[in-house]
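Following are the structures in question.
Shared chain: chain A. Partners: chain B in the first complex, chain C in the second.
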Partner chain A sequence: MTNSMNNVEFVKALVAKNIEPVKTETIGKYQVAFEVRKNDVHHILVALKNAGWIQLSYLSAIDWPEENHFELVYIVMNWEKPVYVQIRAKIQRDDPVIDSVLPIYPGAKYYERECHEFFGVKFPGNPDYEKQLILENWDDIPPLRKDFDPEAYSDRKFPKRVYTTDYSVTNDKDSKLKKREQRIARALSLRGGKKQ
Partner chain B sequence: MKQMKLFLGPQHPGMHGNASVHMYVDGDIIKRSYLLPGMLHRGFEKGMERKLWVNNISLIPRVCVPEPDINEMAFAQAAEALLGLEVPERTHWIRMIILELARISSHLMSYGGLGGPTGHYTLMYHAHADRNTILDIFEKITGARVYHQYIVIGGVRKDLPEGIETDINAFLDDLESRYIEYRDLGIENPSVIKRIKDTIMLPAAVVWELGVTGIGMRSSVNRPYDIRKVMPYARYDQVEFEVPISDYSDARSRVDLKLKEVVQSISIIRQCLKKMPEGPVRVKPSRGQSMRWTVPAGYVYSPVESSRGEFGYYMVSNGGTTPYRVGVRGASYPQGLLGIEKYLPGNRIDDAALWVDTMGVCSPEIDR
Partner chain C sequence: MSKEEIDRKWYEIGDFFRRNSLWLLMYCTGCCAIELPPAMTSAYDMERLGMGPMATPRQADILLVSGYLSLKTLRRLIYTYEQMSEPKYVVALGSCPINGGIYHDSHAVINQLDQYIPVDVYVAGCMPNTESVMNGFVDLMDQIKHKKAVGWKKYHENHDWYKANQIQSLGEIDVHDEFHE
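Then we have the complex of A and B:
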């Protein structure tokens, strides 16, 4: 395990040698993030894997509806040179397609499937990215998109129940709020010293 | 050749949590299998986006039930990284004590879980009795047994109660004195050895293909790949501990590593109790009252070593009062979903439960 700051520099040099990142951020001692163009994602992931970043830790997306794009994020890890590398790429929100990274990282299979389920991003190259995983019989837009409103969905999906008995409080004696107010008033009246 | 479909779980003594392994079997050899998650809860990530930073503390421990504290730690660490916040020195040591106690309790639960599929319930009762003592200690420290909500952004909720060192030390001495007994009950027991030795192999090439972390990886690649060692968080760089490793990964060697890790955790807690300085335990992360706290914009990934492997929160903030996006990297994702699909076929039916137990598959963190 070598010096961690050297590792971050190593990653930066490696990325600069291969592609031209849009943005570079260093997050702490053990983490570095690159924003790259969509077409460079596979190139840089192959380069990182060859340099030892063999573990795909996380793959997901972030929805930015105002700017009309999804931001895909790949986090890879090298245990010999411990640095987490975030690779982020923006893709169109109207037509979210990016080639699967399955040939590079076989472990991406279920991450991509989940990403498709929750964001609707398509991953051609992954044989079963379209199969449902967690959400059964989902019939709305993918739920982790920002324009999906769980409350509206729930109101539409599960109509308001009609109760045959009326449980609303009519008598003040049963009201919890009233009881609480009475308790506070009593406690204040019993308290000695200066009244506030 | 006739194939038959079998379900392991969600209600099954060998299954941990509310997931179901669907298996197509021929005789008692599994031909095809996959995991069906999503039976416990879903939509946590969406829920977190809709809650305030301070509200989220009550939601995040639910992501992993047997070891909830890692969630709190990963969440707090991520928010502190975005805020650029330095928490007080004493907090780090308290956090380490909590995390290591949680690790012991999680390992005990999974070691006891070995009793289910091998039909050896004494082990389970002993392990759960000891876990219960840990939960008692947690109750004294935090006020809750399972979901502690103790590690918060900017520190821990409250200082340790007076005299808790006595309780913790008494428990650690008790557990350590019965370590040999634990080994005899489980992995040194001839009837259990027959079931766990040389079953469910995990070669190093498969580890890298799946992306397995934690005990699964260390049992196979023979390197101390532990986040606590390679990129220490809290004050793990100031305590001495070893990372148990092995180069032959069958069910038995993985359980063996779990027990060895318990010994290391005991040693870490003792060192923490000795080295812990006095001082404040919490700082205010932001201005104003807690409902108005904001966190600066940014992207951060905060990994923590859980009992099953690398557990992390990917957090994005746009500077608002709620997180913009929280992604949970469950430690059991690779072995639970891809591992069961790719490498369980070829094993026997009764080994499926051992895979789930010894590889550490926690279904809530797959659902989330």
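Then we have the complex of A and C:
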């Protein structure tokens, strides 16, 4: 078995043989990332799978609102040559569509549904991608987009407790300290097992 | 003695046995559930208060909500609460059911449990000590003794108000997912 640095070089050579990555980043001994064009994603994933990267560990998206795109991240793992390979691809934020990788990695089914639910990315080719998975009866924009305001949603949707007294100030008067000691003694009296 | 007085006496006797043999249904939604193993095992030994875990909602007395509740779990919690036989009590652990706690601005987590189902005892803390948890159980026994643990009656009296709150936050209480259809 080759050592791990050779494994990273092996992946780099494999990717360079198949496509032309926009950017290559070696994160560590066991991780390497490639930024590829949207059209190359399926090509490179097929090549990696044939070379032994048989497990799709994760598929998710990152929202970049200033640059107006989503960055999809596919993380694949090979159990013979222990290297995590990240394939990143940028897609338009206004119309986020990318073909499903279901024929290559059947395990992508639920990741794609999750990604659609939280970011609104569409995955044609996956028959179930529009079904709800985690959120139920969601009625707003997808919640992990950066322009979604969770606090405003929470204020609108869930009743808040109203406090008439401010309990956060601690009072160190003698009478209060005595009460506090009584409380501690009560708590200790409830403790089972060996008495200290 | 009149019939009402006799009934009340019998109910008090029933309460005596009830509060000394409470069965918990542990709805371990959040991180406060980690306080239950020490409370149940030899360190604090819940059994000496006559309490024990129960597997099904129909046979349990206490619904123990330990920690935050997302909308999805709240839907199941209401199902569970309505399945329990009366009298039933609710104990909520941690600051999340009280006012949202560290999840007060989350899109998925509710802020105040007593808007949806009546809560008899809150145990504050993030997370509460096991002493506080035990104290909460003792407080619940005191409340049953003094006939103050009447959350399940309030749920009957204010049923419309609770249902309106549930629908306002949940949209729909029925569970529709691919595993139940």
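The rule we apply is simple: the second predicted complex is superposed on the first by the 157 of 196 C-alpha atoms of A that agree within 3 Å, B and C clash if a C-alpha of one lies under 4 Å from a C-alpha of the other, contacts with A are read in each partner's own complex, and residues count from 1 in each chain.
In this text, a residue touches a chain if its C-beta (ideal position, glycine included) is under 8 Å from a C-beta of that chain, and two chains touch if they have at least 3 such contacts.
Bear in mind the structure is a predicted one, so any value in this text is a computation, not a measurement.
Undergrad: After the superposition on A, what does A:160 contact: first (chain B), second (chain C), both or neither?
TA: The second partner, chain C, only.
Undergrad: Quick one: is A:33 in contact with chain B, with chain C, with both, or with neither? Answer first, second, both or neither.
TA: Touch partner of A:33: chain B, not chain C.
Undergrad: Which partner, once the models are overlaid, touches more of chain A's residues, chain C or chain B?
TA: Comparing touch counts on chain A for chain B and chain C gives B.
Undergrad: Identify the partner contact of A:137: answer first if only chain B is touched, second if only chain C is, both if each is, neither if none is.
TA: Touch status of A:137: second partner only.
Undergrad: For A:56, is the partner it touches chain B (first), chain C (second), both, or none of the two (neither)?
TA: Only chain B; A:56 stays clear of chain C.
Undergrad: Just chain B (first), just chain C (second), both, or neither: which does A:191 touch?
TA: Second partner only, chain C.
Undergrad: Classify the contacts of A:150 with the two partner chains as first (chain B alone), second (chain C alone), both, or neither.
TA: both
Undergrad: Do chain B and chain C touch any of the same residues on chain A, and if so, which?
TA: 134-136, 143, 148, 150.
Undergrad: Using the touch definition from the top, list the residues of chain C that touch chain A in their complex.
TA: 42-45, 48, 71-72, 75, 98-100, 104-112, 115, 129, 131-132, 134-135, 138, 165, 168-172, 175-178
Undergrad: Over in the complex, which chain A residues touch chain B? Could you list them?
TA: 1, 4, 25, 27-31, 33, 54-58, 60, 62-63, 73, 75, 77, 79, 82, 84, 86, 88, 105-107, 109-111, 118, 133-136, 143-144, 148, 150
Undergrad: Report the residues of chain A in contact with chain C in the complex, numbered from low to high.
TA: Against chain C, the touching part of chain A is residues 131-132, 134-137, 139-140, 143, 148, 150-151, 153-154, 157-161, 186-188, 190-193.
Undergrad: If you look only at chain B, which of its residues touch chain A in the complex?
TA: For chain B paired with chain A, touching residues are 37-38, 42-43, 45-46, 50, 81, 208-211, 213, 223, 225, 229-231, 298-301, 303, 310, 312, 314, 316, 324-325, 327, 329, 333-334, 337-338, 367.
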